[in-house]
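Two complexes come next, and they have one chain in common, chain A, joined by chain B in the first and chain C in the second.
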Partner chain A sequence: MNMQAKIQRTPAEQGLMDAFDALVSELPGDSAVTARRDRLMADFGDKGLPSRRIEAWHYTDLRTLLRAVPDHLPGETADEIDPVLAGSHVLPLIGGRYVEPREIEGLKVASFRDALSGGTATESLAPLREDDVIGRLNGAFVMDGYTLTLAAGSAPEKIMELQSVQNGGQAHGRFRLEAEAGSRATFLERHAGGEASGLTSSVSEIDLAEGVELVWIIVQERGLEDTHLAQLRAKLAADAKLTVYVINMGGKLVRQEVDVMVEGEGAHFDLRSINLLAGQSHTDLTLTLGHVVPNTTSEEIVRNVVLDRARGAFQGQIRVAREAQKTDAQMSCNSLLLSDDGEFDAKPELEIFADDVVCAHGATVDDLDPVHLFYLAARGVPEKIARALLIKGFVEELLDELDDEALSDALRERVENWLDAHV
Partner chain B sequence: MLEIRNLHARIAESGTEIIRGLNLTVKAGEVAAIMGPNGSGKSTLSYILAGREDYEVTEGDILYNGESILELDPSERAAKGVFLAFQYPVEIPGVATMQFLKVAINEQRKARGEEELKTPDFMRLVKEKAGELKIDPDMLKRPLNVGFSGGEKKRAEILQMKLLEPKLCVLDETDSGLDIDALKIVSDGVNALRSPDRAIIVITHYQRLLEHIVPDSVHVLYKGQVIRSGDKELAAELEANGYADIIDAAA
Partner chain C sequence: MPAVQETIDQVRSIDVDQYKYGFETMIETDKAPKGLSEDIIRFISAKKDEPEWMLEWRLAAYERWLTMEEPDWARVEYPKIDFNDIYYYAAPKGTSGPKTIDEVDPELLATYEKLGIPLREQEILAGVQQSKIAVDAVFDSVSVVTTFKKELAAAGVIFMSISEAIREYPELVKKYLGSVVPQSDNYYATLNSAVFTDGSFVFVPKGVRCPMELSTYFRINEKNTGQFERTLIIAEEGAYVSYLEGCTAPQRDENQLHAAVVELVALDDAEIKYSTVQNWFPGDKEGKGGIYNFVTKRGDCRGDRSKISWTQVETGSAITWKYPSCILRGDESQGEFYSIAVSNGYQQIDSGTKMIHLGKNTSSRIISKGISAGNSNNTYRGQVSAHRKAANARNFTQCDSLLIGDRCGAHTVPYIEAKNASAQFEHEATTSKISEDQLFYCLARGIPEEEAIALIVNGFVKDVIQQLPMEFAVEAQKLIGISLEGSVG
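And then the complex of A and B:
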């Protein structure tokens, strides 16, 4: 018998339990998957949504912030949208469902639904940790997604856009990518929304074999009323290089987790994140990064623009294991706070058990630099335009690093559109 | 063209007076040199001309073509033709030099009711002017002044001046940090801008620059005042004897 007084379920917690009961018969998967889902939901029933007392959720009290959940059904109809970069291969996940397999050279494409029924996905449904509520909920609810294999040595020229479009309702999708040795590619994980209020969860698992070079770009443009809970899990083998971009410019309540294990010597991980926050939104980027072998490097740069009453948080945890000598990890988080009512919290956390490492972190919160504004004004640029130019420069600097100029231009355009509409 | 009358100005934040009753007149077509010991207020004067808000004018006036510009903000002054080449050009990460140049040119044109420059015309213009200053075009793709060497920054200032074609140019120690060849290139660039309808003020510590850009008048600034004015011989005299005699004479 549990002697603790049972905590009252919040409407959102109850809503999720009810949604699961209503959906369970339709959820795909073999018996092992079904049993796993039941167990995850039972755990959820015990633990509920995390409050700020759970350390990993300190800045995002999901229990309070998530007031209600929409009905589970797909919501309004949504359609495939134009990719960020014209000419990309689009792999759509519309209303949480896989659409049709596409032929892409070097890439094997299958539905995650098949993996659930075929017994190859059961293990991945487990949460990463006790407090991993995103993994738990997504594991319980996941309906579909993509299972991708990038063939050894292949290098598709075009960008693959994994496009999840959801207008209202709930959707829970998964993207799995196995990048075989020596392959190179760029994937864009896109989350778009509509007018209706929706709840989405998304888990991406990417596995980089030896020598893989991968760029993974998350563009989150969910609707103004949406809740979006997402997680990226990545593993890097020896000499692999992963560059992750997280660009948040939508949603009402957003948490994007990035969990990276740098497991092979000579591997390098880069995180670049642009968070454009406006209205009453709440956006949380949480990184957990493990360097577990010697001679690996990483660099994380987070840039935030905060307007209105928006709130944001970045938690960056870097763990360097005892064996991981010669690790070099650099992390910075800079915020432009353009409203007195906005807020951005940054919490860097270094857990270093090796002695021969270089790790550094820094966080700043500033307004625009008056000296920059004066210089531009002295050249005839009026204040409003000078401000816009500086704000764009502040975030777009990160996009300049992309080798693919067309992609960097396309992303720049989206970022500028957002800024033009909000600043 | 420029008439500064009994100007008093202080640092807005602390109230410390830096400019203390300064008078200076520069006519159209004239090149005026301003010299003076470190800390005498030369850069402060140039910032006040450009309209920097950190300084507060408490007395006197600045007339530009007969009208007071004290109420104009910096971008309005720039659009009217006031240009300051900074002693320390500002690094602006994330803003590509080319993009900045285009915005600056076109905003000034807009403010003057002129048509914007089309991209191909703009590109041609920049290429031509950058070539004259021996500026590597690749440098212009980089963020504004970021990682430019001291001399490159100064050259970039002059490039901006050539592109914007201002009427009143204030050059604050443009010669510092330039190597001998660059000094020649930059001076040629400035000399090419000399014209009957333009005034140029060169702030410098060194006679050497004034051998390239020969001034019509030389003014010595000390403790926020012009304590002596003369012709180019005055600069030679300062080079030979330093400031002590002049300061003593003014005291």
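And then the complex of A and C:
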């Protein structure tokens, strides 16, 4: 099989290999980083892009879907854009490049480029697993990003918006956050694109020390021709609480991975995801969640709206290790499939080795409930508006859970704009 | 509830040895030489007196098989199988095919009696059994006897071994064989297509409701022998048939391969109910020996308003790899899958179903209960998909897992694929251990722990047991008791 893959390299695979050759001399990093990059690319050369035969990529056959890659250089430089919530601290990554350090109380900010040259980033360039293509490509290509440290006990009031803006070309960025004990903050990781076709990869690594309470919101609004491959890696120490929001409403070929390790007792993880899919978009949300110590909990709720010829996928794997007694993990994935040309695939997985646990998952796929529509119709609400109302209710429910009302309103507005434009 | 009491009694009556079907019958057999080659396939075909087309069909499958790779996606681990170290044909001496009961070796009859399967019709009639069941008994590679054939024939039902059917009803076999599970379907199904030795053939003509339950009892006796049976059931328009399948094997240290293919075809308004109690030897306490059960079972709801229902109780086998599926092709067709999979010791189970919705207004229901104990791993893997044109496809899936002890694993891997806006799919899964409250309640009332567990487990699997024909329900409950014995403490 490997032999075959080598012989029949796809144009996209070849394009990525060529891009690496063209870029390698400009990529930042000390000798260890350079050696690691070479090895990652050599592995990529061997393994290539994953096909549906690779279980983790069952619903996103990247080998077939990624037909070509754009030029290796970022396209025309896009500018910093207004943050989702006015008044947020903006940390922009424009065309894959760190812009300038900003002073934010309680937060130490440095460029990831410096970490690459300074020898502190080598280890994190390793992929998570054999089949971790996003980690592999990002590790080989990463140019810049942010290294952030949230000081112990600090609680910045404003939201930090990490902004990756990209119009065409390629960019590979990375965000690293170390949240020291007892800190609290809200981060918004935003990916915006333009009209030109682009390829971006993004890896965010967040490390929560004891008692940290963190909200991490991913808003993906790439352009209609963009390919976006992203990964969030999170580790939770004892009593840490992490809430991740993933809101997908852009891009042509999108894969967002969320990999969480709940490593400290008393820790809690929440995932809320809204996936709005229209046109020809292919969007895949893949969660791998490990409970490895006793007494931890997690809850995941994923809501999807599929229109037109879009295709969506959710894979969610919860692993409960032998030692992780008293784990409570609940996952649900609900999809509104509103078009006969659309498709939604769900694979919620449980892998359980401990006996004293409560784990459950639920998955539904359905059209709007005719009873609900009838209820509204009987009260004189025209069908079009009734449908829109029901769809909004279905997804916006998740935003109501955010403590920050202003942020919740700002996100709701974006979601509604999308729905108004597409439904 | 008397049935529950029965389970408790059963658990109590069992000694150290958990597998009561582990005896071996000393009987002389005809065997083909070990190994797999074109010659062996020709040998099997000749031995069965098959027509030329059948041999060609087998050889085509073999050729295909040589190019295929063993699948590795299931969550099971086992050393590589040496396909040349297996006997592909073993038959009790003197039985080239089914005969009248008087010609059957008494040793064989005794074996089946020991297994609780009477083969003499008068005994069945005189016996305590309340309803008649026609049995096809398959011993290693051949069917030794089929009971009640005459009575069935009077109703128009054909029930015989597949080897016989190939000779007597070649047109029917030719029409349907491989039409649900094609030769090239998967590694083990293709192997089966090349070397299958026997199995049952059932044909229920238009409008006939089969007057009794049909049953096949599979027994692997011979050492180093693989069993490759092939079952084909056809229910014509408006027909109904209920079919039961049971299996056991002697206790041995080495692993044995069982790779079967079952094909069901239901035409307009037909209904097939297929129930299995799978109790192959699961291996000993250290995980040594046991059957590798790699089976392809698929039903095709070809006609409108047809229905296929799978019910399985899986307690045996060292490794189970089995996904009884329904292709819901006809409009308004229905598929059902009820399963209890119990794993103990070092057993590995990767089982589930596929419901492929193709026709309009089709519906399916999946209830799966997995129970893991000891050092076993038990995986539910299921796929539900709605084709673009499958308007109003409806599925409900519930899969629950129960863990007993902290060295086992329970896994759930559902694939839910909707390509149609009017599809309505619901899936729920839970994993938990036996509720301490329930256990405490029983203990406080003086019920010993093991009995209490059997009681709670029986409650847990009740939904599935209810789907089994009466005769099987009792046996299944007994089996669950046996399989869980020794899992506490």
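By our rule, the second predicted complex is superposed on the first by the 416 of 423 C-alpha atoms of A that agree within 3 Å, B and C clash if a C-alpha of one lies under 4 Å from a C-alpha of the other, contacts with A are read in each partner's own complex, and residues count from 1 in each chain.
Keep in mind that, in the parts below, contacts are C-beta pairs under 8 Å (C-beta built on N, C-alpha and C of every residue); 3 or more make two chains touch, one makes a residue touch a chain.
Keep in mind that this is a model prediction, so the values were computed, not measured.
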item	value
Chain A as common anchor, with chain B and chain C clashing or fitting	fit
Partner touching more residues of chain A, whether chain B or chain C	C
Partner chain in contact with A:Ile352 - chain B first, chain C second, else both or neither	second
Which of chain B and chain C A:Gly362 touches, first, second, both or neither	second
Contacts of A:His372 with chain B and chain C, given as first, second, both or neither	first
Chain B versus chain C as contact partner of A:Gly380, first or second or both or neither	first
Smallest separation in angstrom, by C-alpha atoms, between chain B and chain C in the superposition	13
On chain A, the residue positions that both chain B and chain C contact, one per complex	none
Complex contact set, residues of chain C against chain A	73, 388, 401, 403-433
Chain C partner contacts - residues on chain A that touch it in the complex	55, 58, 322, 325, 335, 337-367
Residue ranges of chain A touching chain B (in the complex, touch as defined)	370-372, 374-383, 385-386, 389-390, 392-397, 400
Contacting residues of chain B [partner chain A, same complex]	50-53, 73-75, 77-79, 83-84, 86, 89-90, 92-95, 99-100, 103-104, 107-108, 111, 143, 160, 164
